[in-house]
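Okay, so here's the structure we're looking at.
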């Protein structure tokens, strides 16, 4: 099933609008506006942008949680139907999995870690019983948790551990692509470093492809080879990570880079362009 | 502290939590309900009198050795009527709560899962139903069908659905938007599986709380319908009916029947609403 | 005289399993116009420290030690005096500006009424001042902002409105609890610039809580690093970056990925942060400290002041050179795999954010 050298993800002309507000204040927000991108097999593409720029919407369309108004998604060489039937959704899930931002909400608080992972194993690989038990331990081991954690409820785990479980659950489907939507944003620096290392290690070991959504340019530098910068639903800049971070061309990328605190940094006003923030 | 012992304290905590959430008053209320239920179940063991038969010669007897609580206008034993009446009253309310809770949960899950148009449509229908007072709806149903406990119970159950469904819908919707539900959806699991396996257990506390509160209201509403002569028909024993039949006796200076039945209703309803409130912190799926 | 002085502040909160220490003796001081950053991982006690100042700690909490505002102990103030302090001398802004504003009041009502109430100004004067304040926190379209309800404004705008209200009374001390955590980096930069400007203009002192060491470094004169309910190091940003004296500070600095260079592997702090009430004698950081010696488990380090900075580490003198070294990596033989620690049973931090 390898499409060596090819692109695992090919997205072209993606558009998605949402209707917001009600009554006379009703209007449409363009969350994705003609978004095209491709991700090479085994690489990591970072998607950065301010909140509301459409990053999450892009991820949701890609994994099939949301339907685009226009555009095409080709996943592992297969075009993805915009109204997939259940069998199709199931086979897409074996190609692509997602890790969500909020570690707390990504696990059912009444089911154990083991139950969460077993559900995915049973759904995609018909692994049950003692086999599943063994697989759960393997997966937990891969994300640096102990077998004992299998019986824990999410409430008994720290944020970092919950996020590891979410990663283990995604890996259980043995996907080729992992979409990570601000997956480390809610974690403390020390835990964030652990999870970032873990993700890098897993990618190497399993030859996974990542779509890594973040608003943190330092994280972009650490994890990705390529990056796209989004603003108001559009991709405003793209290129290799070092090129975009070292020599940003679009003024918005420059602003993003200059806004990130680092040694010697001073906060500053970007000449009063905040007028657009007032929504009416 | 080893992780091996990990899952257990949580289980223990849940049992402790319940007692803590209920508090002394809530526990007392639970005991009251247990006692009433027990008494209703064991009615034949407690009294040998038939609640439906009495002799006119023995009418309006005062409490005494033979009739512990005295007799009514037809000479029937009041204790027996209260005990057997508890059966009808509890059973009727239980059926209302079960049907209403089941219906409301189903609607809530469907609305939350499909969202958008389905949600909007169900919302409209529920609003429409909600516009009618419960009793009026039940009376209408009786007018269309026939008087009787079964008809009234079903009618009341339908009347109880809209409020519970609306509360449960918002809880289910909140759950629906959480990442774990989307993660399950992502695996290609069907809506029914995700709703029942994931969402339902997480909204169960609200369902139970609503049921407890509704139970009390259902008892009052059923009693009111019996009082109006629309629900339970004589000579069946029923608390609401007893209040109603006692009203003539009341005028003749024999308040016992209405009083006893009234007190029973008030105590049972109060106990159920205390439990409901304690469980849900006053904001769950009950009417009110 | 210092604007604010905390002297051995301890905070215990009763819980089902007995009293829990959340702060284990925090001492710090703030000179007029100075900005002090309070940095640490989630649950380390940053917000709690802040909350002892205006006595907004959770109900039932027992606080000991002294909290001196301009030399007077706030712990002894009566309700009226406390209100006066809150209205005139000390204001607080929090992470979520939406929680600070009444959703049914327009911004104008919120600001003008606040000014009228607090300072007894006339409506006209208050309105003029409110407009002036908004303009000064960088709001371009003052009219539109004044007429808006909170839900019509973005988080960045709202935080500006809250800052405008906070600086309206020209307080001598501003308590800021992660004021930019909910904002985009670009907005964060602007809000911090405004806060910085206001601070310098009014000579206002600031106690600034954040988990972002770099952000704190950029806007604060000194930084206090908190771990498990106590301060482990206080120093200027320059000192901290050039030569951290506490192992925890060193590891915190290293574990943050850099925007300019990619590390082959990020240095990590093994284990998980522990809560103040889990400390059982000895150094609180010992279980995670790569430099821990046998005595670290036994002896409790004191906060030692030296040359304008303070450190709480038994070995900080011996380790000075090693900690100051520029190369991270070398100290962290751990891989992320073995650093997960125990499942955390009682993470109550949600309650605080």
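We call the chains A, B and C, going by the order they appear; numbering starts again at 1 in every chain.
Keep in mind that, in the parts below, a residue touches a chain if its C-beta (ideal position, glycine included) is under 8 Å from a C-beta of that chain, and two chains touch if they have at least 3 such contacts.
Since the model is a prediction, treat every value here as computed from it, not as a measurement.
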Distance-maximising chain from subunit A - centres being C-alpha averages: B
A-C or A-B, whichever has more C-beta pairs in contact: A-C
Distance between the centres, which are taken as Cα means, of subunit C and subunit B, whole angstrom: 51
Interchain centroid distance [CA atoms averaged], subunit A/subunit C, Å: 30
Separation of mean Cα positions, subunit B and subunit A [Å, integer]: 47
Contacts with 2+ other chains: residues of subunit B: 3, 6
Contacts with 2+ other chains: residues of subunit C: 343, 345
Residues within subunit A bordering two or more other chains: 146, 149, 152, 156
Subunit A contact footprint on subunit B (complex, rising order): 2-4, 6-7, 10, 178-180, 182-190, 197-198, 201-202
In the complex, subunit C residues that touch subunit A: 41-42, 138-141, 144-145, 148, 152-154, 156-157, 184-194, 196, 211-215, 217-219, 241, 251-252, 255-263, 265-269, 272-273, 335-341, 343-345, 347, 350
Contacting residues of subunit A [partner subunit C, same complex]: 50-51, 104, 144-146, 149, 152, 156-161, 164, 188-198, 200-201, 215-219, 221-222, 245, 255-263, 265-270, 272, 274-275, 277-280
Subunit B partner contacts - residues on subunit A that touch it in the complex: 63-65, 86-93, 97-98, 100-102, 105-112, 116, 119-120, 123-124, 146, 148-149, 151-153, 155-156, 166, 169, 173
